[in-house]
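What follows is chain A paired twice: with chain B in the first complex and chain C in the second.
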Partner chain A sequence: MVSFTLRRLGAGVVLLIAISILTYSILFFSSANIARNLVGDQATEEQVALKEQQLGLDQPFLSRFADWFMSALSGDFGRSWFTSEPVAVAIANRLPITLTLVAVAILLTAIVSTLIGMLAAVKRGWMDRAVQVGAVIGYAAPGFVLAVLFVTLFAVQLRLVPPVSTISPGAGAAAWFTSLLLPVIALAINAVASSAQQLRSAIIKQLERDYVRTLRSRGIAEREILFRHVLRSAAPAGLTILSLQFIGMLGGAVIVEQIFALPGIGSLAVTATSAGDIPVVMGVVLFTVIIVIVVNLLVDLVNGWLNPKVRVS
Partner chain B sequence: MTEPTPAGQSGVVVRSTVFGRIVRNPLGLTAIVALVIIGAAAAFAQVLAPYDQNFSDITNTLAAPGGEYILGTDSGGRDVLSRLLYGGQLTLASALLCASVAILIGLPTGLIAGYYGGWFDSTASWFANMILSLPGIMVLLSVRAALGPSVWLAMIVFGILLSPGYFRLTRTVVQSVRNELYVDAARVSGLSDLRIIARHIMSVVRAPIIIQTSIVAGVAIAIQSGLDFLGLGDPAQATWGIMLSDGFRNVYLNPLLLVWPTLAIMLTIASLVLLGNAVRDALEDGQKITAKRRPAGEKKPSRSAALPAVEAGTEQHLLKVSHLAVGYPQADGSIKTVVDDVSFHIDRGEVLSIVGESGSGKSQTAFSILGLLPDTARIVGGSIQFDGTYTVAPGDDTVSAERLGALRGRRISYIPQEPMSNLDPAFTIGSQLVRPMTVVLGISKAEARARALELLAKVGIPNPQRTFDAYPHEVSGGMAQRVLIAGAISCEPDLVIADEPTTALDVTVQAEVLDLLRTMQRQLGVGVIIVTHNFGVVADLADRVVVMQSGRVVEEGEVLDILRHPKHPYTQTLLASMLEDKQPMTKLTVDAAAGGTA
Partner chain C sequence: MTFGITPRRAAGVALTLAAGLLLTACASAEPSPSGSTDEPGEFVRGETLRLGILQEPLSWDPSQAHVGHLLQPYQAVYDTLIMREPDGTLSPMLATEWSYNEDLTELTLELRDDVTFSDGEAFDAEAVKVNVENFKAGNGRQAAQLADVEAVEVVDADTVVLELTQPNPALEYYLSQAAGLMGSPAAIATEGIATLPVGSGPYVMEAAGSVPGSQYVFTANESYWNPELVKFNRVEMKVLVDVTARVNALVSGQIDATIVDARTAGQVEAAGKTLSANQVDWTGLMLLDRDGTLAPALADVRVRQAINYALDRETMLEQVQLGAGTVTHQVFGPESGAYIDELDERYPYDPEKARELLDEAGYGDGFELTIPTFPGLESIVPLLTQQFADVGITLVAESVPPQNIVADIAGGKFPAAYFFLFQGEPWVAINQLISTEATYNAFDSMTPELQELIDEVRISGAESDDAAKKINEYVTEEAWFAPLYRLDQIYFYDPNTITSVPQTQQAVPSIYNYSPVQK
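So, the complex of A and B:
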C-alpha cells in the first residue's frame, strides 16, 4: 500500500513537471509584445528594453524556465506582471471560493446521481426511462447556459437572489449560501445527468454478478445486498466517474464564476490569459493540476483500500 | 393463465438494417430530421439569411421580433435571425473539426494499442491518462494566451483533449474481439493484420465510435460556445456563444435575445444525444426485451388472495414441480419457452439428479425452485409446491419473492457452479458465512462464528481459522467450493439445490467434493437436487434421475434402472458419450504404427 501510494505520488510529480514545461514553452512564444503592452505605446525602445530586462524576457527559454522552476520549488511563484500582486497571494485569496463551489457541486452530484442511478438500476421500468430522458435534457444544457438562464430567471426576473455575488473571503455563511446556491446547481445538473446514467450501468453490472444470486439464496434481504454488497462493489467505478466529473467541473467553474461574478480562480484565469500575464497563468495551471493530481490520488487510494487484493498485499 | 407459446415461433426475428431501425425509432427520426434542418440552415446561411451577419442598423438596436427583422435585432442593430444562421456555420464546423481530430488521434492509436499491446499500449495509455487529468478549459485558456484567439486552433487542441475517450473505447473493443475465434481464424488463414483490422475489427468498433461522436460533438459545441461567451473567440464572426453573451449583457433590456442562441445550442446537443441513443438502441435491439404485455382482458392475479390448497395426497412430498413452464418475453411480443411441462418430485432425504446438456432447461428449473430466475423470466405454466404449500401457485406468472424469501437459506439452499464468482470478493469468507446465520437463525455473532469454524472443519478445510479470516481471492477453487457447501448447509435446510457443483473444479478435486456432498447428505438427511450433465455424478450420488432435453423431461426413474435400461434415445446418447462404458483402447504397437505409415 505504501509503495502503491509512493508510485502514484511519483507519477503525479512527473505529470506536474511535464505540464509545467509544456505550458511554459507554449507561453514563451506568446510573450513577444508583453513589454510593449506594459509600458504603453508612447514608451521609447529603451524603456521597452528595460522592462524586458526587468521581467527577464531577454533571457533564453531554458534559463527563464529554470529561474521560474527553482523559485516555484521554493514556493515563490512570482508576481503578476500587471498588478504586481504575488501570484501565491492572488491564488490563495481565490482558491477557497472555487474549491467550495466545486466541492459542494461534486458532493451534490455524488449524492443525487447515486440515488437516481440506484433507483433506475433496481426499479427499472418507468423510473429507468425517466432517468434516460432526464439525462438527455441534462446533457443538452451546458452548465454555463444554465447559469445564464438561472441569473436571468431568479435574479433579473424574479429578484430572488442578487444578480452579482456578495461573496468575499470574510463574508458570512448566509452570503456564501445565496452566492453559491445557483452556481452549484448550474454545475451539478450537467454532471448529475451523465454520472447518474453511468452509475446505473455500474450498479446493474454488479447486480448481475453470480455472488448476488448466491447471497439471495442464503436468505439475505434485498436491501442489505444492495447497500452492503452491490454499492460497495460499484464504488470504485462510481468514484472514477466522479473524479472525471470533478475535473470537468474545474473547467466549467471558469465560465460559471464569470457569469455569477464570483471572484474565484476561474475569473483570475480568464483575466490573466486575456492579458498574457504569464506568471499568473502558470500559477493557475499549476494549482489546478495539483488539485487534479491530489483528487486522483485520493480516488486511487480509496479504490485500493476498497479492493482487498490491493489492501492485503 | 397464458398458454406456453410453441417453441420455434420465437425464432422468427425480423432482420433489418441498423439505419432502418434508427429511422423507425420516433426519437431517432426526430433527431436526424432536426440535425439535417440545423445543418442545412447553417450550410445555406448565405442564401437563407436576410442580412449579412455583421450588417448593422444603428438606428434600430434591440428591436423586438416581427416586422423587418423577424427575430429582432441585437445591441449592435444586427439581425438576430441572420446571425443565428451564420453562427450555426462556425459552431457546427468547429464541432466537426474537434470530433475529427479526436477520432484521427484516438482511433488509430486505440486500434494499434488494442491489437498489438506491448510498449505502445502502455505508453499510449499513460498519455491518455495524463490528458484525461487535464482540466480542458484551463488548457484552452493557456493556448489562447499563447497562440491567440483562433477558434480552429482551440478546437484542434480540444480534439486532442477528447481523443483519450476514443482511444480507450477503441482499445477496449479491440481487446475484446482480438482473441475471438473468427479473428483467430482470419489470422490462421493468412490475412494480413491490416486486412483483419479493416474487415473484422472496424465493423465492431464502428457503432461505439458513432455513439461517442454524438456525445463529443455535443461537448465541443458547449465548449466552443462557452469560450465565445467568455469573449475569448473572434468577435468578427457570429457564433451562438457570442450571441448568448450579447443577450446576457442586455438581459435587463431584452432578455428575449438569450432565448434564440440557448434554443439553438440545446436543440443541437439534444438531437446529437438522441441520435447516439437511437444508434445504441438499434444495435441492442436484438437482445432487447420489452416490458411484458398482458393480453387484453386478463387480470393480474392477486397476490394477497389466500393460496389455494395443494392437490390432496401430495402434501408429504418435500418438493413437487407440476407441469412447470418458464419463458422469456421477446422483443416481438412472443415468449421463448425454455422449460416446458416439467414435472417431478423429491422426498425428504432423497437425492434427485436432473441431467441434461447445456440449454436443456435444467438450471432454469432449479432457479425457478429457488425463485432466483432473472427479472425478465416468466412462469408461463404449472406450479411448484414446497412442503405442502405452493411457492408458485397455478396461475402465478412469477415466483413470489415474499414466499421464497421466507424459505431461502432457511429451508432451501443453493450450491452454485463456479465457486470463485459466487463469493463477494470484498468480504472475508468468515463474514459471508456468519451473516446468513445471524439473519436466518437469529443467533449471535459469536455463536455464528463458532458454528462457521465448526462447519469449515466439517467440510474438510484443514485450517478453519485461516480460511475464516481469508478473502475469497486467497483460497483455491476447491476450497471455495467447500466454503459454499458449508454455507449451504449452515442453516440446516431441508433441501439443497446444487447446480453443477463440480463442473468448474479440477478432476482430482471433483472426487473430493462429491465425497463431501455424499457424506453431508447422509449425516444431515437433507433432500438434494443435483443439476448436472455428468452421468458419473449421477451414478455416484443420485437415488432418482430426471433426464431433460430442450426444456422437457424425456425420462424419469430410479438411478439403476436408467443406467442399466435407458429407454429414451437421448438418455442412451448421453450414457454412450461417457468414457466409462467404452472399450479400453489397444496399445499402439510397432506393427500397428508401421502398418499405419505404409
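So, the complex of A and C:
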C-alpha cells in the first residue's frame, strides 16, 4: 500500500512538471502583447519596451521558465501582473470557495444519485423509465443555462437568495450558504443525472450476479443483500464515476462562478487567462493539477479498501 | 492663469444641469431626492455606498493609476492636486491655486498645509516632488501625462514649481487625473503600496475586506481635511465583470449603482433605477493607412470621404445600440473645446456620392479593405460589410484575439480598424489619434500643415481650444476617420438610496459625485 501510494505520488510529480512546461510554453507563445495591454493604448512604444523588460518578457523561453520554476520550487509564485496580488494569496483566498462549491456538489451528487440509481435498479418498471428520461433531460441541460435560469427565477424574481455572491473575508455561514446554494444545485444537476444512470446499471449488474441468487436462496433479507453486499460491490464503480465528476466539476465551476460572481479559482482562471496574467495562470494550473492528483489518489486508496482485488495493481 | 469658468465651461455646466434635470424627470415618477449637500448643517452621512465596478487597479501605486473607470477607486484613497468638477471645471484640492509663467514652461502650485496622509506623514511640497518623480519613473498607463515635466522645484513647504521642457496645454487637467494623485512619500517607495494604498483621500482602504477580483472595501477617513467630501461611512466596490451579474445585483438591491449596456437598460429601468447617462467614447473606423502603404486606395482623400458617405450611421446606431447614442462625423466630443457642431453634418448618408467619389479616384470597380474584428463586433461588422458592398468596396474582417487588438492596430498591421475610442480633452485626443506619437496614428501620417496646427495647440495656452478646432476641421475634411456615433454610457443608480451626478468624459462618476439620499 505504501509503495503504491509513493509510486502514484511520484507519477503525480512528473505529471505536474510536464503540465507546467506545457502550459508555460502555450502562454509563452501567446504572450506577445501583454506589455502593451498593461501600459494601455496611451503609452509610447518605448514604454511598451520598458514594460517588457521589467516583466522579463524580452527573455528567451528557457530562461523565463527556469526563473519561474526555481521561484515556484521555493514557494514564490510571484505576483499577478494585473492586480499586483501575490499569486499564493490569490489562490489561498479563492481555493476554499471553489473546493466548498465542488465538494458540496459532489456530496449532494453522491447521495442523490445513489438513491435514485438504487430506486430505479430495484423497482424497475415505470420508476426506472422515469429515472431514465429524467437523466437524459438533466444531462442534456447545460449547467450554465440552469445557472442563469436559477438566478433569474430564485434570486432576481423571488429574491430568495442574492444573485451575486456575498462571500467576503470574514463573512458568516449565512453568506456562504445563500451564496453557494444555487451554484451547488446548478453544478450538481448534470452530475446527478449522469451518475444516477451509471449507478443504476452498476447495481443492476450486481443484482444479476450469482452471489445474489445464493444469498437470496439462503433466506437473507432483501434489504441486507442490497445494502451489505450489492452496494458495496457496486461502490468502486460509483466512486470512479464520482471522481470523474469531481474533475469535470472543477471545469464547470469556471462558468458557474462567473455567473454568480463567486470569487473562486474558476473566475480567477477566466480573468487571468483572457488577460494573459502568466503568474496567476501558472498558479491556478499548478494547484488544480495537484487537486486532481490528490483526488485520484484518494479514490484509488478508498477503492482498494473497499475491494481488495484492486490493491495488487 | 488660474481656474475660472470660461464661457465654454459655463455652457457645459448649463448643459449638464439641463440634461440632469431632464433625465431625472423622465426616469422616475416619484419626486427626485433633493441635492442634499446644498444645505450645510443638515447633511447626514450615508451608511454604505455599494458600487458595481468592472475594472480594477493593476496596482495601488499612484504611478500605475489610470483614467476613466479606473480613476474612481484611486479617488477614494488618494486626493488629486487639482479637483475636476462634474462639468469639467478645475477647482482647488490639494493645490489651492496655480499659475503659469509667461512662456508656459513653469507651473507654480500653492499647496494646502493642513493635510496628512493616513500613515501620519505630512503632505507638503517635498511630497509632491516625490510623487511626481515616482510617477515619471513608474512607467504606468498614464506616464505620458508628465512626459513634459522635467523637474520639480520645492520653493517652500507649501509651494512647488513644475518645470516643463515644452508647454503642455493639458497639464492642469492631468493634475486632476492620474498624474495628480498624491501618495504618502513614505509608502510609495515600498512594495506594499501595490496592494495597500496610503493616501490622504476621503476614505481608507480596509485591507482585510478587500480581495482583488472580488471586492474593495473603504472606510471613512475621520481626519479628512474636507469633511464635506466624506459622504458615506463605508464604500464597497464589488468587481462584477459580467454585465448580467451587474444588472442582477443592481435590480435586486445588492448594489446602489453600476454601469450596464443598451440591451439591459430596459430591465434596470423597469426595476425603478434612475438613468444617469453621458457620452465618453466614439466608435467607428480609423482609416489609418493614409499614405497607402497596405491599401493604396486609402491614400486618396476622395476614397476616405467616399467611405464616410457610404455609412448609414442612423441605421447602425438604431440596430446595434438600440439608439443609445448620437451620430457623429468627428472624433472630438462636445465637452472638449475642439468640438464643432456643423461638422456632425459633414458626411450625410449618400451612397450615390460615395460611388462618384470612388469613380473619380479611379476605384469605380471597387477595392478590398481588411479590418481586424474581435468579440463585441458581431453585430456591427455585417452592417459595415453590407454598406461597403453597396458602394463597391469589399470589406474583409480578419479575426484577431482581443489581447492582440491594440498592438496589431498600433503596429500598422491593418490599413483600417473599427474601434471604440475615448473622447477626452483636445490634447488627449490629439496625442491618442493624430500626432505622430499617437498610438492610433499607426502609419505616422502627418502633413506640415497639420503639424503646424498641433504645435499651435501646444503653445496657445488659454486659446488652445481654437487651435484644436482647426485640427478637428482638418482631420474631418481629410477623412482620417469614419466615426459612426458617440455611445451613451448607461449608468444607473438606485434613487431610494443615493443620488449620482455624471462626470464629464468619464463612464462612471467620480467618487465625490455620489450622495446619500437625505431622509
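The rule is short, and it goes like this: the second predicted complex is superposed on the first by the 303 of 313 C-alpha atoms of A that agree within 3 Å, B and C clash if a C-alpha of one lies under 4 Å from a C-alpha of the other, contacts with A are read in each partner's own complex, and residues count from 1 in each chain.
Quick note on the criterion: a residue touches a chain if its C-beta (ideal position, glycine included) is under 8 Å from a C-beta of that chain, and two chains touch if they have at least 3 such contacts.
From a predicted model like this one, the values you see are computed outputs, not experimental measurements.
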So, after the overlay on chain A, do chain B and chain C clash or fit? They clash
Q.
Between chain B and chain C, whom does A:220 touch in the aligned arrangement: first, second, both, or neither?
A. first
- For A:240, is the partner it touches chain B (first), chain C (second), both, or none of the two (neither)? neither
- Message: So in the superposed three-chain picture, is A:148 touching just chain B, just chain C, both, or none of them (first/second/both/neither)?
- Response: both
Q. Now for A:156: first (chain B), second (chain C), both, or neither, which partner does it touch?
A. both
Check your understanding: After lining up the shared chain so the two structures overlap, which partner does A:19 touch, if you call chain B first and chain C second: first, second, both or neither?
Key -> first
**OP:** Pick one for A:59: touches chain B only (first), chain C only (second), both, or neither.
**Re:** neither
>> With both complexes superposed on chain A, which partner does A:276 reach: first (chain B), second (chain C), both or neither?
In response: both
Exercise. May I ask you to decide whether A:258 touches chain B, chain C, both, or neither, giving the answer as first, second, both or neither?
Key: both
Of chain B and chain C, the partner touching more residues of chain A is B
- Message: Quick check for you: in the superposed arrangement, does A:178 touch first (chain B), second (chain C), both or neither?
- Response: neither
Superposing both complexes on chain A puts chain C into chain B at one of 81-89, 225-233, 261-269 or 297-305, namely 261-269
Contacts of chain A common to chain B and chain C in the A-superposed view 30, 148, 151-152, 156, 258-259, 274, 276
Note: in the complex, chain A contacts chain C through residues 30, 32-34, 36-44, 47, 50-51, 54, 79-86, 90, 93-94, 148, 151-152, 155-156, 159, 162-164, 166, 168-170, 258-261, 263, 267-268, 271, 274-276
As the complex stands, chain B meets chain A at residues 130, 132-138, 141-148, 215, 218, 222, 225-226, 229-232, 244, 247-248, 251-252, 255, 258, 262, 265-267, 269-270, 273-274, 277, 291, 370, 372, 375, 401, 405, 408-410, 412-414, 416, 418, 421-427, 435-436, 439-440, 471, 473-474, 484, 487, 491
In the complex, chain A touches chain B at residues 15, 18-19, 23, 26-30, 124-125, 132, 135-137, 139-142, 144-145, 148-149, 151-152, 156-157, 209-211, 213-222, 224, 229, 232-233, 244, 247-248, 250-252, 254-255, 258-259, 269-270, 272-274, 276, 278, 281, 284-285, 288-289, 292-293, 296, 306-309, 312
In their shared complex, chain A is touched by residues of chain C numbered 56-61, 66, 139-144, 194-195, 208-209, 211-215, 217, 238-242, 244-245, 248-249, 251-252, 254-255, 401-404, 406-408, 410, 428, 431-432, 437, 439-440
